[in-house]
Structure formats: C-alpha cells, structure tokens
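The structures come next, written out as structure tokens.
Look for chain A in each of the two complexes below; its partner is chain B in the first and chain C in the second.
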Partner chain A sequence: MTTLARKAVDWLDERVGIREAFRENATEYRVPRNINVFYSLGTVLLVLFGLQFLTGILLLAHYVPHPDQAFDSVKRIVNEVPYGWLARNLHAVGSNLAIVVLLLHMLSVIFMGSYKKPRELTWLSGFILFNLGLALCLTGYLLPWSQLSFWATTVSTEAAGSVPVIGEYLVRIARGAPTVGGATLGRFFALHVVVLPLGLLAIIGAHLMLVRRIGISRPPFGKPGEVVKKGVHEDHPDGIPFFPNYVAEEIAVVSFVLAGLFAIAVFSPEVFIPADALEPADPFNTPAHIKPEWYFLWAYQTLKIMPTEFIGLAVQGAFMTFLALLPFVDRKAERHPFRRPLFLSLFVGIIALFIGISVWGHYS
Partner chain B sequence: MIPLFTLLFSLSAAAAPADTACLQCHGSMPGRLGAPVEEWKQSVHAANGISCHDCHGGDPTDPANAMSPDRGFLGKPEPTAVPDFCGRCHVGVADDYKGSLHGKALGAGGPNCVTCHGNHAVQRASLAIIDEQRCGACHAPDRAMKIKAALQATDDRIGSLEAALEPLHRQAFDVEDMKGELFQARNDFHRLFHTVQVSRVEAGAGKVGEKLDAVQASIDGVHAEIARRHRWGGVVVGLFVLMGLLGVALRRSLHAEE
Partner chain C sequence: MADNRRRFLVAAIGTTGAALTALVGWPLLRTLTPDSGEGADAQVRVPRKDVPVGGAKFVQYKGKPAVVLQPEPGKFTALSAVCTHLGCIVKFKPEQGDFECPCHGGRFDTKGEVLAGPPPEPLATLAVAVDGDDIVVG
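Moving on, here comes the complex of A and B:
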C-alpha cells in the first residue's frame, strides 16, 4: 500500500474504525466450511442490480418519457450517444440475467432448505425482492414505447379488469386513462426510475441486514461444521474466512456472469430484444402475436388453459402466496433434500411443470 | 401482485381492423364481382393497407352509400383513363409512362398500367415483369431482353442492399436514412422502366448506381462499427473470463491451505 493510501486508511480508521469493521466483516467473519458456489448468487445479484442502476442512470440522462419522443430518444441513445448502445444492451440483457440469477438464488435456497427457521424473514424479504425485480421488468418494458411495449402493456393492464368488482377501477389506476397513453408512460416511468428502485434498495438493505444478523445458513451437504449461537447469530468458528477465501469464489462467479452478460450484450443482444421492440408504438396496428417475456410465459399459459381468467389469476395468486409463506408452512427442521422425499418430488415436479407450461406457452 | 402483471399476455393480439363495406359485400359475392377481393388480398396494395376505396373512391364505412358518386365513388376506369387513375399515387411513373412510346400509343392499341401489372392482384414491380411472352405480344423479343439486361445488375444490387439493411435494423442500428435513400433510388430506377428506351435506361441506371454507392458506403460504415464493437467486446469478455479463472485459482490455492 502506498504511503498516501495508508494515510487515507489511517485517517478513516481513526474516525470510523475501518480496520476493525473490515476485520469483523471480512477476515474474521467465518462462513461454513462446506459452503458452496450457490451462496455466491446473492453477490452476483448485488453486482447485477448495481449495473442496472448505473446503466439506468446513463439511459435516464437521454431518455424522454413522452409518447411522441420516447421511441426516438431510445433510438438516439442507441445510435448517437457515445456507448449508448452498450448501456441500453447491458440494461436490457442485464434485466433478463437478473431474473435468471434471482430464480437460481431462490431455487438453491429452497433446495437447501435455507428458508427454514430462523430465516423466515430473510426468505420473505428475498421473495419481495423477486417480485420487485419482476415489477421493474414490467414497468421498464413500456418505456421504449415500441410496438412490443405498447401492446404488452395494453394487454397486461387489461388483465386487471378480470378481478371481480374492482377490476375496471384497477385498469384505470394502472393506465391513468381509458387506454394506454401518455398518462400510463408517466406513471410507469415514475415507478421504474424512482418508486421501485427505492423499494428495491430498502428491501436489499433489510435482506443483507438479516443475512448478516442471523448468519449464513450451513449447507445441508458435506461435512457439517460447528455452529455456535451468539444471541440470534449463528457463528461458524471452524469455518473459512469470508475474505479472502470465499470472496475469491465470488469474484470468479461474478466475473463469469459478467463475461456472459457482456458477450450477449455485444454479440447477440437480439436474444433479449425482440423485433417488435424495434418498431415504434402504433395503437392502430396490433402485432400478430404478443408473447410475454420468458419469465412470464408460465403465467401466460396458465391463464390460457384455465376456464376463466379469474380462475387463472386465483391459481397464480395461491401459488405465489404459498411460495411467500413457505417457511411458515414447511416447519420441520430437516433440510437435506434427499431425506425429504415429498419435498424433493414436489421440487422437481413443480420445476418440470413450470418449464413444461412455459415451453407450451412459447409454442402455443 | 404477480397475477396482475402476468395476466398481461392472456389476451392474444386484437383482431385486425374490421373489413370495409366494399370487402364485406364483394367478399360474399360469387364470380366476377367477388373475385377482386381474393385477388386484392394477395396484392402489394393489401400488404401496404391500400384498400378498395383508396383507388375506387366511395364510402367504405357506409354499405348503403359505399358506391354513391356523392361519396366520391369512381368505379372502374375506362382503359384510356387507367394511367391517370393509377397516377394519382404513382405520380412520377405516370409522367414517365406518358412520355414514353407506350404512353403515346394509349388509345391506339398501346398498353396501359394494368396490361403489364394486372389490376387487383398487382404485385411489387420487379424485372420478372419483363418477359418475352408479355413484351413479345407487341415487340420483337430481343428488345425487351435488352432493356431487361440493362436493368438487371442495378435491380440485383438494390435487392442485395435491401437484404443487407434488414440485419442491421435487427441489431437496432438506425437504417431509416439508408432505407429512404434506397427507396428513392428504387423509385428513380422504376421510373426508368417506363421510358422503354434502352439508351435512357443505361444512362439512368448509372445515376441510380451512384445513389446505391452512397448507401453501400453507409452500410460499410455500420459493418466497420460492428467489427469494432465485437473486437473490444471480445477483449472485455476475455478479461472477465481471465479474472474468473484467477478467482478460481485463488480459491483453490486457499482451499488447499484450509
């Protein structure tokens, strides 16, 4: 460390105890000896969310949230603003990648039973983050004011109308007008760039606080290490140091994910930017087939195969409620999936069902 | 919350705009009164939203008065009136046609627009329209083939440039200006068809070629930009992979010490 840097650290150390904080939270902070690669997905998500914030701010500097100018402003960003294409592609591809990692993170937590007591609130906050991620994707979808944006939002907001009694009222609230237009763009923009990111930041803070306060759960696989309870905190005295041992693994995983993100954003962004997203919104010209993004295909197909849309909504609502309350439903202490045959069957079966329904939705 | 977002796509795309009164009535008629509807559906006009009333006038929203002259209904034009009928939209081509030997022979056995292009099933004009059978009905076959030969290279080039623009558009490059220049060049080129004079066709094709050179230069510029992005993108991806491998190596070496 150079003298100048050492002096800066000394200065900070005298005032905020930076060395002690680093020791407590990094070098002397022990994580379970049998920790595995899936535990790094939370850090991957932090990096991806950070990148979404950064690219979002760059896009915000040039984006115009007005129906007459939104599409052209995105076109300008992509074609005229220096490296605007990169910011846009990273933002669009990154949002999809964030959903992939969110799903993997949740599935690994479910598989390893990490949601169980005392981590119910950690799970619940993660579940809320997942929903906020989906809401960010949905609201961001409208902003480019493309054919895809316009029609996907028209149909999605129309969907709220199938809720009994208050359906029409909900549609009106979502759109701000009888049809999708400037008012809809305005409120989706506000949600996407202010309300939802603030909510995301707050819940991420709560989630991290809970993870740190309670301690990382011990994986149910491998040689179990010692766990010592200090108040509500689970300590792993025979574990490995978080820094540098596990941070090295996190650096590796984050680097590979970023390599994938940049590869898609530079070489094949069209994988996540459909052709209809390149045409300006035209309220008088409905595209032949509107298909949702891949992560909504299961819901799309569920609604199509149910007798009524309301039943479809109710089924989805019941499933998501079950997922949110999973730690309160599944309260047995056993966490090893291979000692929980019913759980394992449901886990594999539900994933297969979701993939099957999504593929069906894609080709229907 | 999820169901509310995700019902999103429960409705498939809305139906296309309702058929006009013309299509509703004639579409259910047998024989010569109904045939134009099916022919039109396959046409370049239908593909571009040009419907019956755009050419024949009338009120497509009112079945009772759809064919009323008071609502601008024109009906079927006389053969000598066809060039002006089509020329309301195809202005430049109509002028060129009128100045050509074809146009000067109108009413004296010369062809009008539909003689070569057909009427309701009209397709996007291409060189395929110049063939020995069609032109040979009035001319010696070699004359038509000479004109076609003079046009072929330029036509092929326009086609390949159009094909080259599509993947660029798919990659979100703004190709509107290039499309506009190509559209203009194509129009100029199509106008040449109607002069039916080999010397003018050859001279005109040269000028069109200069416009196509400009479009080609723009496309080359975009390809150079794509290559630059790929080069630097590859470097960044490589650096991340390298950093990942270093992380794996560090983790393994630390694991050995644990």
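Moving on, here comes the complex of A and C:
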C-alpha cells in the first residue's frame, strides 16, 4: 500500500474504525466449514440487484414514460444510444435471471431447513424480497409499451377484478383508469423506479442485518463443525475465514452467473424479448395467445383451471401465506431433509406440480 | 401526577399522529383513485355509414372499448368489446359473423353470448338508438 493510501486509511480508521470493522466482518468472521455452493446465492443476488440498479439508471436517462413516446424511446435506446442495447438487454435478461436465483435461493433454504428457529424473520424478510422482485418485474414489464407489455398488464391487472366486492376498485387503483393506458404507465413507472427499489433496499438491509446478527446456519450435510451459541447468535470458531477463503468461492459463482447473463444478453436476448415485445402497444388489437412471463405462468394457469377466478386467487393467496409463515408452521428442530420424509415428499411434489402447471399454462 | 402527565402526553401524541396520518392519507388515496370513467363519454355518436350491414365499428365508450353492429339492415346493437375472461379486446370475424378473443380463444356471437372457450359471462350489452344519420351508444 502506498504511503498516501495508508494515510487515507489511517485517517478513515481513526474516525469510523474501518480496520476493526473489516477484521470483525471479514478476516475474523468464520463461516461453517461444511458450507456449500448454495450459500453464495445471496451474494449472487446482491450483484444482480446492483447490476439492475446500474442498468436501470442508464435506461432512465433516455426513457420517456408517456404512451406516445415510451416505445420509441426504448427503440432509440436500443438502436441509437451507444451501448444502449447492452444496458437494455442486461436489464431485461437480468430481471429474469434474478427471479431464477431468487427461486434457487429460497428452494435451497427450504431444502436445508435454514428457515427454522431462530431464523424466522430472516426467512420472512427474504420472502418479502422475493415478492418485491416479482412486483419489480411486473411493473417493469409495462414500461416498454409494447403489445406484449400492454396485454400482459391488461390480463394481470384484470385478475384482481375477481375479488368479491372491491375487485373493480382494485383494478381501477392498479390501472389508474378503467383500462390500461397513460395513467397505468405513470403509476407503474413511479413504482418501478422509486417505491419498489426503496423498499427493496430497506428489506435487503434488514435481511443482511438479521443474517449477520443470528449467524449463518450450519448446513445439515457434511462433517459438522463446532458451534458456539451466544443467545440466538451462532459462531463457528473452527470454520473457514469469510475473507479471503469464502469470498473467493463466491467470486467464482458470481463470475459463472454473470458469464451466463452476458452470453444471453449479447447472443440470445430474444429468449426474454419475444416478437410481440417489438410491436408498439395497440389498445384495440389484442395479439394472439398472450401469455404472462414464465414466473407467473403457474398463477395464470391456476386462474384458468379453477371453477371461478376468485377460487383461483384464494388458492394462490393461501399458498403464498403458507410459504410466508413456513417457519411458524414447521417448528421441529430436525433439518436434514432425508430424516424428514413428509417434508421431502411435499418439497419434491410441490416443485413438480408447479413445473407441471407452468408447462401446461405455456402450451394451453 | 407524573403518570397522569405521561398518559396525557401519549394520548395527545397518538391523537395528533392519527390526525396527521388521516390528513396526509386521504389526499394520497384520492390522488391514486381514478374516476370510474362512468361520466366520461356518457354517449358516443357513430355515423350510420361507418357501420355496414354485417359489419362492426369499434369505439371508446366510458373509457373502455365497445363495438357497434348492424346484424340486419336498419337494426343496430352495441356490445362491450372487453372479453369477460381476462379483459382482452375481442376481434370481429366478419366471415364467421362472430367475435373471437385472441388471448385465450373465447368466442361470442353477435348478441354477446358465449359460443366457446373460457369466458364466464356474455359480453355486456349497451343501449343504442338511431338519431338521424348517427347511431347513439349509451
């Protein structure tokens, strides 16, 4: 370190104690020695959210949230703004990848029973983050004002209309008008660029605080290391150092995911930006076989197969409530999946059911 | 005495807080609640020549798409063009003489009745009258 840099660090250290903070949270912070690759998905998500913020700001500099100009402004970003196509593709593909990683993160936490006491609030904050991620995707989907955006939003907002008594009111609140239009674009834009990102940042902060305060859970597999408990906090004195050992592993996983993201964004963006996304919205002309994004297909198909849409919404609501309250429902201490046959059967069965319903929704 | 004072202060702060929340909350709610659209375009006039026999003319009525038809010479009807399944806009198929929803394949006849597909209800029928060279919807 050069003398100038050391002086700068000394200056900061005197005022905010960065050396001690780094020692406590990095070099002397130990993670369980049997930790596995799935524990790095949280860091992958932090990087993906960071990239969404960065590309979102770049898009925001050129995007115009008005029905007459939104589609053209996106076209201009892609075709005229230097590297605008890269920012747009990374943002669109990155949002899908973030949902994939969010799902993997949640599924691995469920599989390893990491949601259990004392990590109920960590789970709950993560569940809220997952929902905020979906809300960001839903609101961002409308912004390009393409045929796909317009009609997917029409269908998704219409679903709220099946709620008894206040359904019509909910649809109007969501759209800002009887049908999707400029008012919908305005409120979705405000939600997408201000309200939801602020909520996401706040809940990420709470989630990380809880992870650090309670300590990383020990995986139920492999040779268990020593655990020292101080109240609800768990220390792993014989674990591996977070920095540099575990950080190096996380960098490897992050690099792998980013390589995949860039490959799709550069070579095959059409996977997530289909042909209907290249046509401007036409409120009088519905394109054929409009479908929601892959992560909403299960909800869409559930609405279709239930006797009434309200029953479909009620089933979805009941399932999401069950998921949110999972640590309060499943309170036994055992975490190893192979010693929890009922849990394992449900875990595999529900995933298979979700994939099956989504594929059905895609081809129906 | 100190307890009374503390209770009074807590009650006063609580009441002021609730009043301020209502003061901010009500305008916020009103700002985000749109008009129902009922008053807008209470009546729509469509020139008769725009609606041929066996044809259809799409218009905006009370903020939502509607369609005016002339199934027989001189007889006009009007329907909401919003599919009762998930809110997509139906398309008129003149060769088949019916409506099709492109989203999920729902089909309706020219009276709005469901012929096939997932729509749970018929298309809403709208009032229509002839006034000189115009057709008046609503």
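Here, the second predicted complex is superposed on the first by the 364 of 364 C-alpha atoms of A that agree within 3 Å, B and C clash if a C-alpha of one lies under 4 Å from a C-alpha of the other, contacts with A are read in each partner's own complex, and residues count from 1 in each chain.
Assume contacts are C-beta pairs under 8 Å (C-beta built on N, C-alpha and C of every residue); 3 or more make two chains touch, one makes a residue touch a chain.
This is a predicted model, so every value here is computed, not measured.
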Superposition on chain A - do chain B and chain C clash or fit: clash
Contacts of A:4 with chain B and chain C, given as first, second, both or neither: neither
Which superposed partner A:304 touches (first chain B, second chain C, both, neither): both
First, second, both or neither for A:244, with chain B first and chain C second: first
Most chain A residues touched (candidates chain B, chain C): B
Chain B versus chain C as contact partner of A:151, first or second or both or neither: both
Touched partner set for A:165, first chain B, second chain C, both or neither: neither
First, second, both or neither for A:138, with chain B first and chain C second: first
Chain B versus chain C as contact partner of A:284, first or second or both or neither: both
First, second, both or neither for A:79, with chain B first and chain C second: first
Partner chain in contact with A:266 - chain B first, chain C second, else both or neither: first
Colliding stretch - chain C into chain B, listed as 9-17, 27-35, 45-53 or 117-125: 45-53
Set of chain A residues, in rising order, touched by both chain B and chain C: 151, 155, 158-159, 284, 286-290, 303-304, 309
Of chain C, residues touching chain A in the complex: 32-34, 36-37, 58, 62-65, 82, 86-91, 101-104, 118, 120
In the complex with chain B, residue positions of chain A that touch it: 33, 75, 78-79, 85, 88, 131, 134-135, 138, 151-153, 155-156, 158-160, 162-163, 170, 240, 244-245, 248-253, 255-256, 258-259, 262-263, 265-267, 269-270, 273, 275, 278, 284, 286-292, 296, 299-300, 303-304, 309, 312-314, 316-317, 320
Parts of chain B lying in touch with chain A, wherever the complex brings them together: 1-17, 169-174, 229-230, 233-234, 236-237, 240-241, 243-248, 250-251, 254-255, 258
Chain C-facing residues of chain A, complex: 151, 154-155, 157-159, 161, 172-173, 175-179, 183, 187, 283-290, 303-304, 308-309, 364
